[in-house]
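Below are structures written as structure tokens.
Next, two complexes with chain A in common: one pairs it with chain B, the other with chain C.
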Partner chain A sequence: MERTEVVVVGGGVTGCGVARDLAQRGVGVILLEQRDLAYGATGRCHGLLHSGVRYAVKDPIAAKECIDENLIVRKIAPHCVEPTGGLSVELPGDDPSYYDRLRQGCDEAGIECEPLDVADALQLEPALNPNITRALRLPDAAVDPFLLSQENARAAQRDGAHIRIHSQVIDFLRAGDRVVGVRYRDDEGEHEVQADVTVLAAGGWGKPLAALAGVKVGMTLSKGSLVIMNRRFCDRVINRCRMPSDADLIIPNGPTSIIGTTSITVPSPDGLIIEDRELDVLLSEGIDLVPDFSSGRTLRAYAGVRPLYQEEEAAGDGRNISRGFFVLDHGVRDNAPGLVSIVGGKLTTYRLMAEKTADKVCELLNVDVRCRTAETPLRDAKRTPHYRRYERLARLNETAPGEMICECEMVSREAIRAILPELNGRADLADVQHRTRLGMGPCQGGLCSYRGLALMQAEGLVKPGEAARVLGRFLEQRFSGINPVLWGDQLREEALNFALYCTLFNMDREDRS
Partner chain B sequence: MRRRVLIIGGGIAGLTASLEAAQAGAEVTILQAGQGAHHLFSGCIDVLAYPDPDGPPAENPLVEIVKLTGSRPEHPYAKVGAAMVREALTSFIARLDAQGLVYHGSGETLRRVATALGTIRLTGLVPDTMHGDPAQIDVVCNVGFFRNFAEGMIAAELGRRTGRAIASLSYGFEQGRRDAVGIAGQLCAPDRCTALGEFLKELAPGKTVAVPNVLDAERATEIKRHVEEIFGGTLLEMPGLPPGLAGVRMIRALRRTALDAGVRIIAAARAVGARTADGQVRGVWVKAGANERLEIADSYVLAAGHLVTGGLVSDRYRLREPIFNLPVRGWDGGRFFAEKFLTTQGHPALGAGVEVDELLRPLGDGGPLYENLFACGDILAGFDPYRERSGGGVALATGTVAGRWAAGVSA
Partner chain C sequence: MIKRKRIVEPLRPDTLFDPCIKCTICVTACPVAQVTADFPGPKQAGPDAQRFRGRGEPVEGSWITLCTGCHRCQTVCPADVPIAEINLFAKQRYARKHGYGLATQLMTHAHLLSPWGARFRPIAMLMLRWKLARWFAEKLFGIDRRAPMPPFAKQRFSTFLKKHKSPAGKRKVAYFYGCFTDSNEPAAGHAILRVLEAAGVEVHIPPQQCCGAALVGAGHFDHARKQNEFNIASLKQALDEGCEAIVVGSPSCALALSHESGEPLGIDGQGVYEKVVDLFTYLRRLRDEGELNLRFKETPVDAAFHEACHLTALGFGANAPGLLNEIPGVRVRVLDAGCCGLAGTYGMKAKTGDLARAIGANVAARVAEWKPQVVLSECEGCRMQITHLTGVPTKHPAQVLAEALADSPPSK
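Our next item is the complex of A and B:
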């Protein structure tokens, strides 16, 4: 049986961060992820690197953590961050006292927050609602959560960690009360790994997993839904200057914009449904911030769950629960030594969460090495220019014509080839998408998925007779995010896609079992 | 005075209507908003492959069309009748033949065409460049490094389906464009075309070789023959991701036929509204560049296509016909698409359209809305061209009928 010092369960940004931290301290790590890296809450968030302003009034500890980590992530992973800056804008009707409380909260948390004339704010962001009454400039930024997770995983691998995607933990190994490893399942079957410490960094799946180990972890799952629009309406993160509520954030993300979010308590992180009333709120509040919002094309909608830690599960929408995080030593807490959970928190503070978790693990392992993740860049990357598509275009200009596989996101053949070894021999276009942004633009993979498939086939990842199945799986997956917002030009696009993939390629009639 | 017919849409349905109307003596104008959609599709004429969502493919499409008359009277084929379908297919073949473009088939059998995914599609009429049994394909050969054509993958997939080993080759040009139109242009150069023939003579002599859908829009037949003579085998085009040249070729040939028949075609002219009075269409507002003007005719044919070409448009809650604001039927107001993308049952919005009477006049609640407005092609209600693979046949048959009624002669 395989043995290691630590098994990390969960390949979100936290799990990847824990693996990176432990590996850097010289600890042996195997990370197991049920799907792909960033499959859960990480890949379904806003892509906002919080300045902390969102928590400045209600949750000062979280606000302070955010601004500190915001500055660290910019330093260690500049290639994952687009330093857009942010604005907080007040609209007529918003509680005017919030503005002052926000400034005070920012001052106390150490968040640089500069009042801006309305005219100046409108000059910076001409698409903003011209009726805004006040504005503040903030150090928010956009972050690519997929890339940030992958880069942590890659850094961990360079330090000797093993990263296994599509590997789902199905049980824990026990020696009396002690948790001594896990059993997991992948395409080839079931396997066991023995470990001195098992870390649950599984977000919303942490609760059922802990239960499987006989441990109760109180958690409220708060679903947040978001919509991606095809245009970059603003170059900065736009916050609504009011108590955090639904749909008060618009974040530029490459050529698109993301608006979010909602907050609805759900029983499970699986099978999330985006309700029409959530779309109503997202679209109408979006128009309040940016009047031209409705002229954009809704590309897709998605939802993730915030796994909010709570000893006593409460009713309500979960907005009143701290966004802080907690490291649980189940040996002390539940008489299940060898098991540690990291719960709560948010993407922006992932590194700090990983540090505290690794500190606890090292304490249990009697390893005395200090954390260095705050001062070590994830890779020796130069600061990338604002709006990274330009960089990709510049790179493509140097290669042969016809090498562009995905036009919307300017993904080259080489960029795809480079990540194919990370797929563990498994043909999955979604995994390619998460690593290259293939198919994330307006056509949503309608045209480039064929070319991506061909590249995987050429590298021997697709068995003969399997191509239609691999393609079909991806088409369904992309469609599940498109269907909730399918109208207007996107409906037109899907009519064409159906004509291509079904009427022309006959994929509706292909055996996909 | 000659009867004036104004046709909205320059696709298969609109061009066919224009030819029929011109033949009946009318003075015909076509408004074309964009470049159409034929470069997006296969270049085949789909007649009817899957009449029933859950049933097997049609053995004889025309026999299935006869059955529709009883079982699905709302289907456009039921409204025009199987004899008209047969007549329209025959005329289409003859008209294209006169332009030097050969189509095979009669609508009485389904034809099999291998695609650029290595799958096999079923259709009615096939262009000569695609006419050949997929089971005979020995080699899949890319030309010009066309990136929408993965020869290795196609060979593996098709081989799996036809049960034979298929080789893959790639013939490239050192320089020049690598898009479909650019590659087509390069192949028109005699030395390049000859070089492709020599390449195949060396590596695939006498074989059946499948290539991407990039033979030129005008000179495909000539190029095919030339290459085949050199290597002694058969060259077959495979339909794939757009743009495909076979569809462009077909629509250009139809357009030439229409121009020869005296039809006036106005390009880049979008119909944006209509003037109506007393149960008649009195004019169509046309936007060309910055100008908007009223085009007036005696009768009008709506052949604007479906969602893809803007014949129907949608917002979050509605599906609309934007020019005449005709009622759109066949969609229940719920989701536009089903839960799964790859479904044999079709998607609600794709089966929706404009309901018409036997004369193909759009219907309101109490009968035809306008005496002088006729609709044809994909925009019609009562069928799903995408699911059934019936768009081409319906366009030809209903285009014929609409064109004749619009010209004032009985169909």
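Our next item is the complex of A and C:
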């Protein structure tokens, strides 16, 4: 049986951050992720590196954490961050007192917040609703949550950690009360890993997993739905200057804009459904902020769950629950030594969450090494400049014809080949997508899915007879996000994709392979 | 089958990439993508790239200058994406940072240079034929030494027009002849004038400047804007004075005076854009109304017709072959062999001359196969290029029509 010091369960940004932190301190780590890195809440978030302004009025501790970590993440992972800056804009009808409370909250939390003339704001962002009444400039930024998770995992791997995707934990190993490892399942079968400490960093899945270990963790799962528009309407993060509510945040993400979010309590992190009423709110509020939304092309919609920690599970939409995080030592709390949970928190504060978790683990392991993640860049900063979407455009120059696998997002054969070793020998186009943006453009995999499949086949990743299944799985996964916004241009796009895959490739037939 | 349509609505090319469904039909229609790997094709260069371009940032990637601006992509697009316009804006943004290049500067201002060429015709013609001079022009200015160069006119068309008075008619049109007809090839202008007058149409010649097609095509918007503000005002006045249409000799001028002026230059068309037609579309309309009464004599001509890309882009169809084939003795076959490659100044620049010749290879091969007496095209650029590539003489189709008129003197 395999042995290690720490097993981290969950490959979201928190789990990857914990693995990175522990590996850097010289602790042996195996990270197990049921699907792919950033599959859960991490990859379904807004992609906002919070300045903390969203919590400045009612959650000052979270606000302070956000601004501190915002500055650290920019420093240690500049290639994952686009320092867009942000604006908070007030529209007619918004509670005017919020503006002043926000400024005061920002001052108290130490968030740089500068009032801006409406005319100047409109000059910075001409797509904004021209009726805005007041504006503030904020240090928000856009962050690529997939890349941030992957870069943490890669940094951990360089320090000796093992990252295993598509490895689902199905049980815990016990020695009396003590949790001494996990049993997990991957493509090859079931395996066991013994560990001195098991860390649950499984977000919304943390609750059922803890229950599996006989431990109760109170958690409210708050679903947030978001819509991706095909165009980058604004170059800055646009906040609505009002008490946090539905659909008051538009974030530029590469060539797209993302509007979100809603907040609806759900029982499980699996099988999330985006409701029509959510889309109505997202799009109509989006039009309020940026009128061009009405003519824009909706690319897809997606939903994630905020795993909000709460000892007593509350009713309501979860907006009143702290966005703070908690490290739970189940040895002390539930008489299950060897098990630690990290719950709550935010993408922006992932590093601090990882630091506190690793501190707790080191304490349990009697390892006396200080955390250094705040001062060590994830990568050699010289080698990787700021994340800029125009770099992709530059690839057009360098990429020979026929070498561009995904034309919408400009992903070359070379870029895909480079990440194939990270796929654990599995052919999964979604894993390629998460690492390269393949299939994330307007055609949503229409033209690149079969090319990507052919590439993986040529590299020997696709097992005989498996091709149609690999392709079908990705097409269905892409369609699940298109389905809620199936109108206009995206409907026409899907008609073409349908013709391609179902008419030409017979992908709608049972005997397709 | 090429979809034809009129494109006159206001455009915002920075945003109009949204409807692209990536069907890639435009790539199959692009003459440049078929001959070079250096140009990523209209889909990647147009809507795909535009999605990644930020507001106000310079456009990088010199491949954008390889777009000829033929509009074929835009014509075939089933989603109405203004691909050619997107590229035009990108070219402008590229040129703002990287400059236009001397050859482009010289040739997009041909409307200023050509009158001097006509004035000093003997010397100018000598220079054009003198290989050493052409060699120097290539080294100094980047003008391809093998590229076709237009001859200079003995008498400028505008000089002739000063003494010409069109007889009054039931119908009246404004005729925009363009600088090439003026300084280089007045024969086409004389033919158009004769055909219209023979049809009983009064031809009004409004004051006019260069349409700026070459300037716009190179992303040189500012000069083109000044010229077309003048043109639009002048043509508007012609319409106010009772002209029912604006007949334009060259499809590229017509395109520049219709939609191309509209968005890139931001000029209010004041109803002018919608009235711009090519000669044969105008004649076709007369005929459809039963008002085309031309009498022809037996005229034995075996001709091939080349449809200029910009004629296609105008959206009226190619109406010359049908009308010409009604003349006894005339046989016109449509080449249907794609773009000739010249694309205005594109084929004249040393940088892109070879590409232009490669694009035109299809046309050249078809002409060599058919061996017509003459190749007809409304576009002067196509005419130059086809003669350059094949040695077969070329004419404006109006010239065949004019020669076949019953009262015409026998053609030379």
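Throughout what follows, the second predicted complex is superposed on the first by the 500 of 513 C-alpha atoms of A that agree within 3 Å, B and C clash if a C-alpha of one lies under 4 Å from a C-alpha of the other, contacts with A are read in each partner's own complex, and residues count from 1 in each chain.
Heads up, the rule we're going with is that a contact is a pair of C-beta atoms (placed from the backbone, for glycine too) under 8 Å apart; a residue touches a chain by one contact, two chains touch by 3 or more.
Keep in mind it's a predicted model, so treat the numbers as computed, not measured.
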Kindly classify A:296 by the partners it touches after superposition: chain B alone (first), chain C alone (second), both, or neither? second
Figure out whether A:123 sits in contact with chain B (first) or chain C (second), or with both, or with neither. neither
Tell me which touches more residues of chain A here: chain C or chain B. B
If we overlay the two complexes on their shared chain A, which of chain B and chain C does A:443 touch? Say first, second, both or neither. second
Give one of first, second, both or neither to describe whether A:492 is in contact with chain B, with chain C, with both, or with none. both
Could you look at A:509 and tell me whether it touches chain B, chain C, both or neither (first, second, both, neither)? first
Touch check for A:410: first (chain B), second (chain C), both, or neither? second
In the superposed arrangement, does A:235 touch chain B (first), chain C (second), both or neither? second
Is A:454 touching anything from chain B or chain C once the two structures are fitted on A? First, second, both or neither. first
In the superposed arrangement, which partner chain does A:255 touch: chain B (first), chain C (second), both, or neither? second
Footprint overlap on chain A, where chain B in one structure and chain C in the other make contact: 401, 447, 492, 496
Residue ranges of chain C touching chain A (in the complex, touch as defined): 15, 18-24, 37, 40-41, 43-45, 48-49, 51-55, 57, 60-61, 63, 79
Listed in rising order, the residues of chain A that touch chain C in the complex are 126, 230-232, 235, 254-255, 292, 295-297, 389-390, 392-394, 396-397, 400-401, 404, 407-408, 410, 441-443, 446-447, 489, 492-493, 496
Which stretch or stretches of chain B touch chain A in the complex? 40-42, 46, 50, 115-122, 145, 147-148, 150, 152-153, 156-157, 159-161, 177-179, 239-242, 306-308, 310, 313-317, 335-337, 339-344, 347, 349-350, 385-387, 389, 391
Chain A residues within the chain B interface of the complex: 401-402, 405, 447, 450-451, 453-454, 457-458, 462, 464-465, 467-468, 471-472, 475-476, 479, 483, 486-488, 491-492, 494-510, 512
